[in-house]
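Here chain A shows up in two complexes: once beside chain B, once beside chain C.
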Partner chain A sequence: MKARSSYKGPLAKLPRLLWRLVRVGFVIETEFRTDFWMSVLNFLAWNALYVTFWQAIVGRTGSLGTWTAGELLVLNFMLSFQGALSIPFLGLRRLPERVREGALDKYLCRPVNPIVVTCFEAVYVVSFLRQLAVALAGVGACLWVYHLHVAAWRALLAVLLALIATLVWACLQGTVALLSFWIGEVGTIGFFLNVGRRFERYPIDVFPRAVRVSLTWFVPAALTGTYPAMVLLNKPINLGLTFAVALILLGLWGGVLALVSGAALRRYEAYGG
Partner chain B sequence: MAIVQGWRKYRSFGAVRLATLKEYATDFVGGLVLLPVEVAIVILVWRTIYRYVGPLGGYSLDEMIAYQLLVHNLMRGTGSVGTINYRVWQDIRQSKLDMYLARPLDYQIVKLCGELGEVSLRVVLRIAMFLLACLVLRLPVQADPLLWAAFFLSFAGGVVVKFLEQYLIASLAFWTETIFGVRDVVVAISQLLAGSLIPVSVMPGIVRAIASALPFQFILFVPAAIYLGQYSRLQALGMLALQAVWIGVLLIGSRLLWRRGLARYEAWGG
Partner chain C sequence: MAPMIQVQDLTKYYRVPSREVPTSAWEKAKRFLVRQWQPVVAVDHISFTVEPGEAVAFLGPNGAGKTTTVKMLTGILTPTSGQATVAGYVPHRERYAYTYHIGLVMGQKSMLVWDIPVIESLRLYRDVYEVDEHAFEARLAQFSELLEIDELLHIPVRKLSLGQRMRAEIVSSLLHEPEVIFLDEPTIGLDLLSKRRMLEFIRTINRSEGVTVFLTTHNIPDVLQLCSRVILIDKGKLIYDGSIGALESLCQHQVIEVESREALDAAALAGATLDAPWSEVGQNRYLVRVDNGQLGELAQRLSHLPAVAHVGVRRPDLEEVLGEIYEGKIQL
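After this line comes the complex of A and B, so read on.
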């Protein structure tokens, strides 16, 4: 079957569809209550892992570069916060598999955009709220315990930057996912993106300049944790330049995603079902 | 004689698993291709950290890099053991235990042999990669055969500890519909206390005390510390003995839990 989406672009239907998916996701995620509470514990345990890590690293010297122990923990929880923002986009990871399986058919014959629905068909709203709550509580606890003072407008800017970073990564990962329409398996490309993300946990400004530039422009891992934390904590950072870079990257990858998604569906082939 | 017959019976499960492991070649080649990237990240991160904070807990920079590379490769080599909970859960919840219960087999040993079959090959490949990285980076490679023997013994024990940890979690499937919430919490705690990010001896006081009192450290930290010569021979022997005690405790616990759970097991046969 050759792809011929009947989607004509009535975006008015999209919010209703997304709301329905959110409700379905909520029911699925809260089906097993013990598992729900365990997932909260699990998230706390993973954060404890990184709290322990940073306490061990800076336990003796009190800081890593210009970052104190408290600030490093804020960085950790800001990263969790950004992670929470990216949960609604987790469906992008399933897209390559669905394309390979030829599983988009069921949406092609309906008045919806198959790519959008595939991305959002499982919305983990509970995970999103849980991670958001724990991350914000974590940031708050760090600010309180380590007596770090934050201006409200800086907090807003940090949230805005984290939001832009989330969209940049969604566009980037979406583009990679859509490549599966041409090359099928995109795991290797995804791996190289994830390599860059392994630096997220560390304050990027302690690394050499070449690494900092790479992690800002090529694999923008600096956008997800370090820069929002620097904005929040009033650390030396050029606000205008940082937001300009973030917006340029968003425009760039948003444009690429729009181009690729337009061409991708035309290449889709399946036997139907 | 019975032991030999028993060994032959269970060995076949390991051999079958090994034979079905067609992807090992891909894993090895893939691992080789990605090795420079992984090594570069470890070096970059730890050089930067050491430049700012100096040596941590008696580990020189070379030793810390070697620790990180070894632990990373051991984790990759034993990844399949971490999924045993899912396979056992499936057998219990989908009533697939029948085919084992109807035969003169011990289910736990069958599963363990299957895991060892897969892990043995993967770990040999991963240790080869680790040694290759050490040679290229001129990191110290241990030459003492006794130390290597202690390392392999400790590592094998670590695999059994991890297996029993996962098996205990999976046994909960006799009582609960899903086990994955509990599993995820235990995995997160295990990652922390096994020394996956930093050696246990470098951790802050209270976490170190907790890690030292629990069996998770035997999965990664103790084998790696033995390899790096962080223990004297006597200390290494003591850790191996303690590991054996923990394996005994976990084994007894898992057998008791399994026996109680099996009494609740129901299936229609097939």
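After this line comes the complex of A and C, so read on.
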């Protein structure tokens, strides 16, 4: 009996393969239990820090721009929500290191897309669910404690925007990670992105216009926290324009990622690890 | 029947940073600002064929181009020029369909996922190769019997010894019943028992399933145990392709083995050997490399040295022949 009777092609086996990668991530997370619990503590400590921080700031000033204490905490938990959505893409951050190690060889000699499987070798589903639960509970608690009313359709739109923001950032980070095929060390470029992302915990609309534009178009930190929170909280925002910007950025960075990943693979096949 | 592996004028150039030392300050500044590149020939117009079911050793010194060739034949690298077909596929052009038909084991690079138990990596590859559940279980049972991997299946790869890991690696590369298996230094660093077990397994797979074996190694006993044919490569060029026996017969000298009761005086030894090259290979054990014409005379002279207990004559083994080829003492 031949083990492989027939093969159905990349798309047909994709669901099973994705499920397997989720399982691999689950096994890794359960293998390193201490790491897992430490990351839970870390996550809770960060959220507690931000809750304390905003309460301290707004306790003295009454509000920050148009944002009340409750709204700022919703912004914080919306950011956690978007962070949960980005957990499956964490492998992108390790890609440069894996490229330098020559780790792509493992999948280049197998019938899969080596870049995709290397990036998603472990999809940490437990972390994803944990962060998702904490973020949703945090948003719910803020809405209840601060008597903030949210329409269901706005909640859906906010989730959709956070999802698009996640994909934009995945494409952006993926593009930067793939540059490691040419320049090896991409930490410096990643550093600029991380500096931009430090703004995402603050409501972007309190900054000058130039900063707002930069944080929307160049390092789209506004997409991950401020805009989804504004959509959710019914704050003044042009919904059509916001979604248009998000979709343009997704198309732009998605296209760049597709181009760069094809070129990166060809380069790897030409030069090796 | 068409050859399983067909290679014609296969060539691979790498572009590496220039190793020339800049001579002037201007050159140094220029080098700092703009990196200079130079081409390096890793594989230089090699051609050979391998028949289905054959077990071939692909040998050469470090940096000869063995791994680059294996990477081109497995679809990992694109050749600079030339043709390669394996199992009817052009590896770098038809990588997706082609890789269903091959297996690759790299002794120096793990193909398993480091932090998860072996069985999870095997299940991942089962899904990658679309092996159905019954066939997977049957294959696993077959390998468990041959390689005793049952005990390893639930241990994370990072906790396995090298020998255990290599057993798991080879299972992962054969799950999908490939027609060809490429083994790049599979026994490197293995202890005697692990090595023996692995080689016996590969031989069984080669003989019972007709899997074509393409082996690169520096362990000559692996070659003798598995292969009847050797392809030699040096500085990217193919320098020999033929049987082990024919390779050994290229040696125009023989080896006299001398054992003595006490250490022999170097001057006396040099006099007895008429300046033929000799070396001490152990306590009171010496090897003398002798041209065929001088054999009788030198053996007699050595046996008359005081303290000599035994003098024997033999043909050089494959390892010695390869050493002389690599050193340029035998021209091919």
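Everything that follows uses one rule, which is that the second predicted complex is superposed on the first by the 247 of 273 C-alpha atoms of A that agree within 3 Å, B and C clash if a C-alpha of one lies under 4 Å from a C-alpha of the other, contacts with A are read in each partner's own complex, and residues count from 1 in each chain.
Going forward, a residue touches a chain if its C-beta (ideal position, glycine included) is under 8 Å from a C-beta of that chain, and two chains touch if they have at least 3 such contacts.
Keep in mind it's a predicted model, so treat the numbers as computed, not measured.
Once chain A of one complex is fitted onto chain A of the other, the partner contacts of A:Arg23 are limited to chain C, with no touch recorded for chain B. Contacts of A:Asn238 after superposition: neither chain B nor chain C is touched. After overlaying the two complexes on the shared chain, residue contacts for A:Cys109 are found with chain C alone; chain B is out of touch. Contacts of A:Glu121 after superposition: chain C is touched, whereas chain B is not reached. Look at A:Val58: by the touch rule set out above, it reaches chain B but stays clear of chain C. The residues of chain A shared by its contacts with chain B and with chain C are 32. Interface residues of chain A facing chain B in the complex, by the touch rule stated above, are 32, 34-39, 41-42, 45-46, 48-50, 52-53, 55-61, 63-65, 191-192, 195, 198-199, 202, 206-207, 211. On the side of chain A, the complex with chain C involves touching residues 1-8, 10, 13, 16-17, 20-21, 23-24, 27-28, 31-32, 102, 105-106, 108-112, 117, 121-122, 266, 269-272.
Of all residues in chain C, those touching chain A in their complex are 14-15, 68, 71, 74-78, 92, 95-97, 99-100, 102, 104, 106, 109-111, 113, 115-117, 120, 123-125, 127-132, 135-136, 138-139, 156, 175-177. Residues 34, 37, 41, 44-45, 48-49, 52-54, 56-57, 176-178, 180-182, 184-185, 188-189, 191-192, 197-198, 202-204, 207 of chain B touch chain A in their complex.
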